[in-house]
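Heads up, the next two complexes both have subunit A, just with different partners, subunit B and then subunit C.
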Partner chain A sequence: MVTTIIEVVITGLLMGGLYALIAVGLSLQYGVARILNISHGEFIMLGGLTTWSLYTALGVNPLLSLAICGPLAFALGFVIHRTLFKRLLDTAASPGVFESNSMLAAFGLMFIIQNVALIAWGSEIRGYSYLTTPVHFLGTLFGANRLLTFGMALLIGLVFYLFLNLTRTGKAIRAAAQDPTTAGLMGVNINHMLALCFGLGAAMAGVGGVLISMCYPVHGVMGLEYTVIAIIVVVLGGLGSIPGSFMGGFILGLVGSIVTFLEPGLALVAYYVIFILLLLIRPTGLLGR
Partner chain B sequence: MLEVHALNTFYGKMQVLWDVSLQVREGEIVAIVGSNGAGKTTLLNSILGLVRPASGTVTFLGRRIDGLPSHAIAEQGLAIVPEGGRVFPEMTVRENLEIGAYLSRAWKSRKEMLERIYRLFPILKERERQLARTLSGGERQMLAIARALMSRPRLCLLDEPSYGLAPVLVMEIFRVMQSLREQGITILLVEQNVRRALEIADRAYVLENGHICMEGACAELLESDHIRRAYLGM
Partner chain C sequence: MKPGRAYLQKLGGPGLTLMALALLATFPLYASVYSMTLLTDILMFVVLALSWALFSAPTGYISLAPAAFFGVGIYTSAILGRQWPLLLTIALGGAISFCLALLVGALTLRLKGIYFAMFTFGLVELIKHFWLWFEIRFTGTRGRFVAVVDQQTIYFTMLASFVLLLLTTHLIRRSRWGLALRSIGECEEAAAHIGVNVNALKTITFAISAIFMGAAGAIIATRWTYVDPYIAFNPLYSFMAVLMALFGGMGHPYGPVLGAAIFAYLEEVLLTRFPYYYMLIFGVVLIITVLYLPEGLIGLMMRIRRRVVGGPDAPA
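Right after this comes the complex of A and B.
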């Protein structure tokens, strides 16, 4: 019994780390660039499937894929912002109009990326096994890949946290998130920062996808589920707070793991229930103000 | 140093500025005074690239800056203390100052600049690690002025720096402005507090309904009947 509880809790925390990472990406895109990126999960899917291809066709170590998919996803996100969202921003009459237009555009992006992926990879579920050696931990057994992905998610989250708080560009991003007009008057090139944030968010999704593929099978239409999870985690933790995203990720991971243990089909339902309760009781999120 | 020539600015179909021209020379304190809604903030926004004038030119240090995005204007050496300070609430006092030094030429020397700023505003040193949203109104205004200085500007624009502050703090802000001038920073001041503005500035422009209706040395303006009646309540 105790072992089962420990197992359920650890499974939840391990999953929560991944949730947190993809939520940090979404939080950055929405918090700074004001784009509720419905296609966020598609970048996760692209990361996962690319890693699968690199591993099965060329034998590329998935850890190396992190260094490939991260920059690729960043470049893709950066270019998409520069071409698509920048245009929407320039033509929008007000911030509210931009938010709704950009969300619709992201919806379109979701369908495009998804279908391109279906053409490129087909609709089969793809998986590979990597580092599945069992590791003993508090009387339970976990695949080494699970622990590795958890560690990487924490590490990437921490590095990003330090980037935002200690570097010149990171501080400019935070200033732009709080007051873009004033940040511009301080010499911060806002359009550049927005594209950078969208790119960084995409990179985090891509990297998240790589990590997810190390443990779970991936396929062309997996994206939306992760988008929904990321949105819930962001709302749970409070927009724009990285510690909040990690806390939200762990909570959602735990809930998912407990519900899955009791009744596997209900995890997503439980997520939605949390989401609705949260919106009713504390819409600013746990760490939000 | 700054030359605004025949500026016409619209909000939608409504014309807010009519043929506004003004000049700021190096080392001066120039005030733009006028009542609420006279177009003072629109004038500043037109200079800063936040609204695009329909016609007219803005020249700074011999270069046309109208039509440039605001970050490019900041790069030319023009800094702003926005109305109400507009400090970044979720950043510490120190981080706010660092963002002030975001421009690459200022970023390199931000440490020594920070020390100078802390000597000028000891209260900011005390509050260094506090989030800016925990500051009082006067402290925020000080922080906004200090943040503008961090960029080592040639010209500093102040938008209603005394607005909403207690008289003793207003005195303090004006004292700081004097010391900026002594450091060789030129100042363009936008004020509703006409008497104070005319007392501290060298020259002033009076903006009424989007027109410059008077201009001249402050000493002369203080003597003018129109100013005394309309703004000084005499």
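Right after this comes the complex of A and C.
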């Protein structure tokens, strides 16, 4: 009984770490750039499938893929913001109009990226086994790949948290999130910061995809599911708060693993119930401003 | 502009509409069964896009819930279609969607902008996964078979719901109600201050638009013969409705009709042979529309016409 409880809790926390990482990316894109990026999950999918290709075709270690997919996703996100969302921002009459339009444009991006990937990789489910040695822990068994991805997710989250709080660029990003106009008057290059944030969000999704592919099979239409999870975690933790995202990620991971243990078909239903209740009761999230 | 021409133009709109409707009503007399089923599909998307625009065009609230109401209609048909007469099933599909939309609207239309979109999107997924769990748990199967109805009946019921929707849209747009809805879209706080009952109005309009989505689902389900929760509550139908309405243009009731007709035809031609390319085009058009065609095709056409014909607000 105790072992079962420990197992359920650890499974939830391991999952929660991944959820948190992808949510941090989305939180950055929505919290600073005001773009509810529905195509977030597609960057995760791209990261996962690229890692699969590199591993199966060239034998590239998935950990090395982190260093390849991260910068690539960043560049893609940066360019997309500079071309597409910059124009939307310039032409929008009000922040509300920009939010609606950018969400719709992100829907378009989702369809484009997803179907380009389906054309390139096909619709098969792709998986590889990496570091599946079992690890004994408090009487339970976990794959080493699970623990590795959890550690990496925490590490990336921590590094990013420090980057935001200790560096000059991080300070500029936080200023842009609080009040873009005033930040601009203080000499922050707002357009550059927004594109940077969108790129960093995309990079985190790409890296998240690499980590996910180490543990779970990946395929062309997986993106939307992760986008939805990221949105729920972000709403749960509060927009733009990294500790909030991690808290939300762990809570959602735990709820998922508990509900899966009790009634397997209802995990996703539980996520949506939390999400909907939260939107109704406290739309600013647990740690939101 | 000469008075005679203005009169002709005034007459031209409804006259053309009546002619088009007469053509549609007699269509099965001279067309093949294939073109009739194609037209039924087109009409289904027209109903979805137009009913989406009924609420979202004037108010500016982006609802991603069409798939939820559409799916509710589909399942009404799947569960009751064998025992109940068709018209009653369709009416019930609309009525259940109406009640669900009333409940959802009353709860969530307080949410502003993007939060409402997120909520409605979550709603579709919630219903889908709950219903999947329910079916497997309590009926033991994933899907259901739907009672089959002949193609001509499906066509005429779909056409009838389209005509009713067109009429509803027209009546709402021309009334104080429509004016109040537009004032909500312009500035909700100001609308509330001049005495518009904002929440009640939004909720009831949202619910009325849901009737037609539910009815469309109940009708089309009879042609699909088999449905499961993934087919019925496919969020793609929400995205389609939004894109078709945006692409066609929401400044005029015929905008969504035009957008839906074009995309439904494209889907018919492309989807079975090049599904990925169809969805790719879908995404590209969505982005182009958001970027360059804020008023959609109909807005573009009106701009071109103003430039050709001239008029008080013609661009120089």
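Heads up, the rule we're going with is that the second predicted complex is superposed on the first by the 289 of 289 C-alpha atoms of A that agree within 3 Å, B and C clash if a C-alpha of one lies under 4 Å from a C-alpha of the other, contacts with A are read in each partner's own complex, and residues count from 1 in each chain.
Just so we're on the same page, a residue touches a chain if its C-beta (ideal position, glycine included) is under 8 Å from a C-beta of that chain, and two chains touch if they have at least 3 such contacts.
Just so it is clear, the structure is predicted and the values come from calculations on it, not from any experiment.
Engineer: Give one of first, second, both or neither to describe whether A:279 is in contact with subunit B, with subunit C, with both, or with none.
Structural biologist: second
Engineer: Quick check on the superposed pair: does A:24 touch subunit B, subunit C, both, or neither? Answer first, second, both or neither.
Structural biologist: Neither subunit B nor subunit C is touched by A:24.
Engineer: Between subunit B and subunit C, which makes contact with more of the residues in subunit A?
Structural biologist: C
Engineer: Just subunit B (first), just subunit C (second), both, or neither: which does A:186 touch?
Structural biologist: A:186 sits against subunit B, while subunit C stays out of touch.
Engineer: So, does A:87 touch the first partner subunit B, the second partner subunit C, both, or neither?
Structural biologist: Second partner only.
Engineer: Counting only touches as set out at the top, which of subunit B and subunit C does A:103 meet: first, second, both, neither?
Structural biologist: second
Engineer: In the superposed arrangement, which partner chain does A:171 touch: subunit B (first), subunit C (second), both, or neither?
Structural biologist: first
Engineer: On the A-aligned overlay, A:202 touches which partner chain: subunit B = first, subunit C = second, or both, or neither?
Structural biologist: Touch partners of A:202: none, neither subunit B nor subunit C.
Engineer: Following superposition on chain A, which residues of subunit A contact subunit B and also contact subunit C?
Structural biologist: Common interface on subunit A, subunit B vs subunit C: nothing in common.
Engineer: For subunit C, which residues count as touching subunit A in their complex?
Structural biologist: These residues of subunit C touch subunit A: 60, 62, 107-108, 111-115, 117-119, 121-123, 125-126, 129-130, 132-133, 136-137, 235, 239, 242-243, 246, 276-277, 279-280, 282-287, 290-291.
Engineer: Per the contact definition, I'd like the list of subunit A residues that touch subunit B in the complex.
Structural biologist: Contact set of subunit A toward subunit B: 168, 171-172, 174-175, 178-179, 181-191.
Engineer: Provide the residue numbers of subunit A that touch subunit C in the complex, in ascending order.
Structural biologist: 36, 84, 87-88, 96, 99-101, 103-105, 107-112, 114-116, 118-119, 224, 228, 231-232, 235, 263, 265-266, 268-269, 272-273, 275-276, 279-280, 283
Engineer: Could you pull out which subunit B residues touch subunit A in their complex?
Structural biologist: On the subunit B side, the touching residues are 48, 50, 69-71, 74-75, 79-80, 82, 86, 88-91, 95, 98-100, 102-103, 107, 147, 151.
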